[in-house]
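The following pair of complexes shares a single chain, subunit A, combined with subunit B in the former and subunit C in the latter.
After this line comes the complex of A and B, so read on.
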C-alpha cells in the first residue's frame, strides 16, 4: 500500500470513528453565548454610569435566549423513500432507502455495493419549493466549499418526489437527487 | 437574534458541525480540545451572523475559522511541557481504527498535520488549503512533501511520486 492510500483510508476510518453529539454541542453554544452576553452586560454596567440606560437592551438580549422550537416545512418529505440510482454511477448505483425525519434528519441506507462509511448527522431543510442538504458530506470530494451543502428545488406528485439541482458541487449527492424518490 | 435567524443558524450548525469537528479532531487529536475549538468557531459565526449569514457559503467561512483555531491550539499544545499533555481519547468505544497512523500524524508539526488532514481527509486542493492556512501554495506543497516522507518513515510505507 502506498503512503497516499494509507493516509486516505486511515484518515477516513479514523474520522468516521470520532463520535459527535451535535445537539449537545448546540446547547453548549447557546450557553456560552449567554455567558458572554452576561459578561458584556456586567462590563457595560461597570463602565456606564446609570445601569438604567442599558437595562432595556439587556432585557431584549436575554429575551432572545428563550428556546425556539424548531419547525420544519419538510412535512411532505417526511417518510421513507426508495431511490434507484441507475447503473453507471459507480458505487452510488443501486437502491437507496432514505428516511426523512420530522426534524429534518436524514438516514441513508446505501446499496450493497457502496463501500464508503456513512456517518450520521445528515439533515435537510425545506423552504417552500427549495431544499438544502448536507447528505453525503463525508463522501470524497463533498467537503469542499460549494459541495458540503447542496441546494435543490423539489416537487411532489402523488408518491413521487422529483428534485432539480440549483447548486451542488457534490457529484455523488447530485446522482442521489437526480433519481426520483418513490414512497416506500 | 430573531427566531428565523436562530433557526437558520441552528440548521447550518447541524449541517456543518459534525464534519468540521471530524476535521479539527484529526488536527488536534484531543476530544475536549477539538470540541472546544469547533464550538469557538461557531460562536464566532454567531457573533458575525448578520454579515456571515449573507455569505454565499457561511459553512466554508466557519470551516476556515475552525481550521485556523485548530492549528493555533495544536501549536499551543506543543509548547506545554510533555508531562502535562494527556489528550483525551478521540474515538468512541470501538477505539481508533488506524491508531498507528493517528500517532504518526501527531508527530508532525501543526501546519503539516493540518495540510495532511485537509488534503487527504477533506480532499481539498492545494490552493484552498493555502487559503485556509494563510500560506502560499508552495508552502503547502512543502508541508505535504515533508509530512509524507515522515509518515512513510514512521509507518514503513512506500512513497511514490509527490503530490500535485
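After this line comes the complex of A and C, so read on.
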C-alpha cells in the first residue's frame, strides 16, 4: 500500500471517530456553562454578604497583615534609589544604593568607604507623607534614647524623593535621609 | 493552629475588650491563670518598633508552689514578620532582669522572617509588679564622688528595697529562673504554639537554658548569643574574661600598623594606666545630666569602663567599642583630664551605680529591675558557686574581686533554689552558640565546658565584635540560615578576624 493510500485510510478512520450527535453535545456544553454562571453569581452574592458582615474585623486584620507600604502614594517609595551623601559626613559620605521593598523592607548598600558592617533587616513604615524607620539601628550610637527610630516627612517629585527630619537622634541615619534619593 | 490565626484571635479580643469599655494599658480586673489579655502596646514599645506589633498581658501565679498565690502580669509583645510567617515557628526572645531592648530586637522579625515574641520577664520591664529598686539608683552620683562610702550606701539601699517590696506583699523569692521559665511555658500553651525557636542574649540566656530544662520537647532550636550559662558564675568570669579581652585588643593593636604607630607599645598601655592610677587617682570634673560632678578615677573604675567598652557593642556610641580602648588608656597614661572627663561623662551618664562594667549595655531603654536581678543571682547562681576566686591584675582586682556583687545577697535574703537550676544543660535540641572575638563576658573555653552536654551545639564566632554578636552581619547571616535548617557544623563559618576601626 502506498503512503497516499495509507494516509487516506487513516483520515477516513479519524473522521468516523467524530460523534454524530455534535449538536446535542454542544447543547450539553452550553447547559453546563449556564449552570456554572448561576453558581458563580450565587457564590459572589454570598461572599458580598459575608464580607459586609465581617467588614470591621476583616479590615482591621487586613490592616495588620498588609505590607507596611500599602497605599498607592506610599508605593512611590518602592524601588531602587541612589543617595549621594556629600563629603564631610565621615564614613557615611559617598553613594548609597537603597532598595525599598513593597513590604517595607529596606536594603542598604553603603559606599566603599563605609567601615561599619550593616546587618540587613531594617524597615520603613509609611503613613501618608510621614514615615518611621529603624534603618541603621545597629550603627554606633543609634540605640541611645530617641535614636532607635527616625521620623521623617517625604515628598516625591519626578524621580526624586526628598525627606525632612521630624525627629531622629541617629546622626548617621539623618545624613542618609538628608540627601535627596534619586531613582536608580 | 497557625500563629497568624491566634494573633487574629488576639486582635479580635482587643475589639471585644474595646466594646466592653475596658481597653487600656492596665491588666484586666479579674484575670485567670494562663490567659492572655490583648492590650494596646505601651508607648515605648510602639515607638520602638517599625511595623505590626501586638501586646498582651499573660496572667500567672506569683508562686506555683502556693495554691493561694497572688496573680501577677507579664507583658508579651509580638513583632510580626513583615510579609507574614505562615507555618513558620515563631522566635521567643528570653529576657533577663532588664527591660527588653525592643528597638534592637524588632528587626529580628524581618531577619528570620518569623514572628518574634518578646517577654518582659516577671518583675521586670512593664510586667507587674515591678521589682525595680529606685533606692539603689538614688545612690548615684554620690557613689562616684566618694567611692570609699559606696559599699555602705549600696548595702543600705538594697536592704531598703527588699524591705519595701516585702512590705508590699511581694514574694521576692518567686522572681527566680524556675518561675520565669514556667511563665514562658504557660505562654506557649496559651498561644497554642507547638514548637518555637528560643533565643537569648547575655544574662537572658540563663532563662533560655532553664526553659530548655523544663520544656525541651517544644523547643525547635535554641540560639544563645554571648551566653551566661548554668554551671558558671558570671562574677567569677567577669575579671578574668575582661582582663584577657582587653589585653587581646591591645595585642591586635600592636599587629595593626596604624594603631601601633599611634600608640607605641600598646600592650604595655594597660599596666601603665593602672600603675598611674594606683599611684595617684585622677580627680575629674564630669558633666552628668547638666551638673558638674567631681569624680575619682581609680583603677577599679577604669577596669569597669574598659569592660563596658567591650560589651556595649557601640549602642551607646563609638566610644563603646574595642577600637577605642587604646585611646582611653593613652589618655590615662598621659593624664589628659579634659579628654577623660568627656569620656567618663559618657560612661557614667546613666544613673545605675551597679551597671557600668557589670551589665550590658546600660542603655535607659534596658533599665534593670534590680530586685529581679538579685533574686535570680541570690537564688539561682550564688548558692551554687563553688569555684575559688582567681587573682586578678591591678584594677581588675578592685573592680571584680571586691565587687559589690559578691555581698549583695547578704542584703537580699531569698534562699537557694533547687540545685538543678544550676546544673549544666544536657540536651539534643539543635543549639547555636554565638560568641565574640574579645569576649569580656563569655570566654569560649568556659562556655564550651559548661555546654558540653548539648550534643547538637554549633559555634559561630564574630570576627570583630566582643559581645552581643548576633546583630553583626556574618553571625546574623549564619543564624538566619541555621534557624531555617538547623544542621550542626563544626567550624565557625565567619572569618577569624576583620580589621578593627581604631580611634
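Please note the rule applied: the second predicted complex is superposed on the first by the 110 of 184 C-alpha atoms of A that agree within 3 Å, B and C clash if a C-alpha of one lies under 4 Å from a C-alpha of the other, contacts with A are read in each partner's own complex, and residues count from 1 in each chain.
Here, a residue touches a chain if its C-beta (ideal position, glycine included) is under 8 Å from a C-beta of that chain, and two chains touch if they have at least 3 such contacts.
Because the structure is a prediction, the values reported are computed rather than measured.
Visitor: In the overlay, work out which of subunit B or subunit C sits against more residues of subunit A.
Guide: Partner with more touched residues of subunit A: B.
Visitor: Now for A:148: first (subunit B), second (subunit C), both, or neither, which partner does it touch?
Guide: Both partners, subunit B and subunit C.
Visitor: If we overlay the two complexes on their shared chain A, which of subunit B and subunit C does A:118 touch? Say first, second, both or neither.
Guide: A:118 contacts subunit C only, not subunit B.
Visitor: Hey, what residues of subunit A end up touching subunit B and subunit C alike?
Guide: 64, 68, 104, 119-121, 123, 125, 132-134, 137-138, 140-141, 143-145, 148-149
Visitor: Note which residues of subunit C are touching subunit A in the complex, please.
Guide: The contact residues of subunit C facing subunit A are 4, 7-8, 11-12, 15, 47-48, 50-52, 54, 80, 82-84, 101, 103-104, 106-108, 110-111, 314-318, 320-321, 361, 363-365, 464, 471-474, 476, 498-499, 501.
Visitor: Under the touch definition given earlier, write down the residues of subunit B that touch subunit A in their complex.
Guide: The touching residues are 1-3, 6-7, 10-11, 13-19, 21-23, 25-26, 35, 38-39, 42-43, 46, 57, 59-60, 63, 90-92, 94-98, 101-102, 116-117, 120-125, 128, 148, 151-152, 155, 157-160, 163.
Visitor: Spell out the part of subunit A that touches subunit B in their complex, as residue ranges.
Guide: So the residues of subunit A touching subunit B come out as 1-4, 6-20, 22, 25-26, 28-29, 32-33, 36, 64, 68, 70-71, 104, 119-121, 123, 125, 132-134, 137-138, 140-141, 143-146, 148-149.
Visitor: Which part of subunit A faces subunit C closely enough to touch in the complex?
Guide: It comes out as residues 56-57, 60-61, 64-65, 67-68, 103-105, 115-125, 132-134, 137-145, 148-149.
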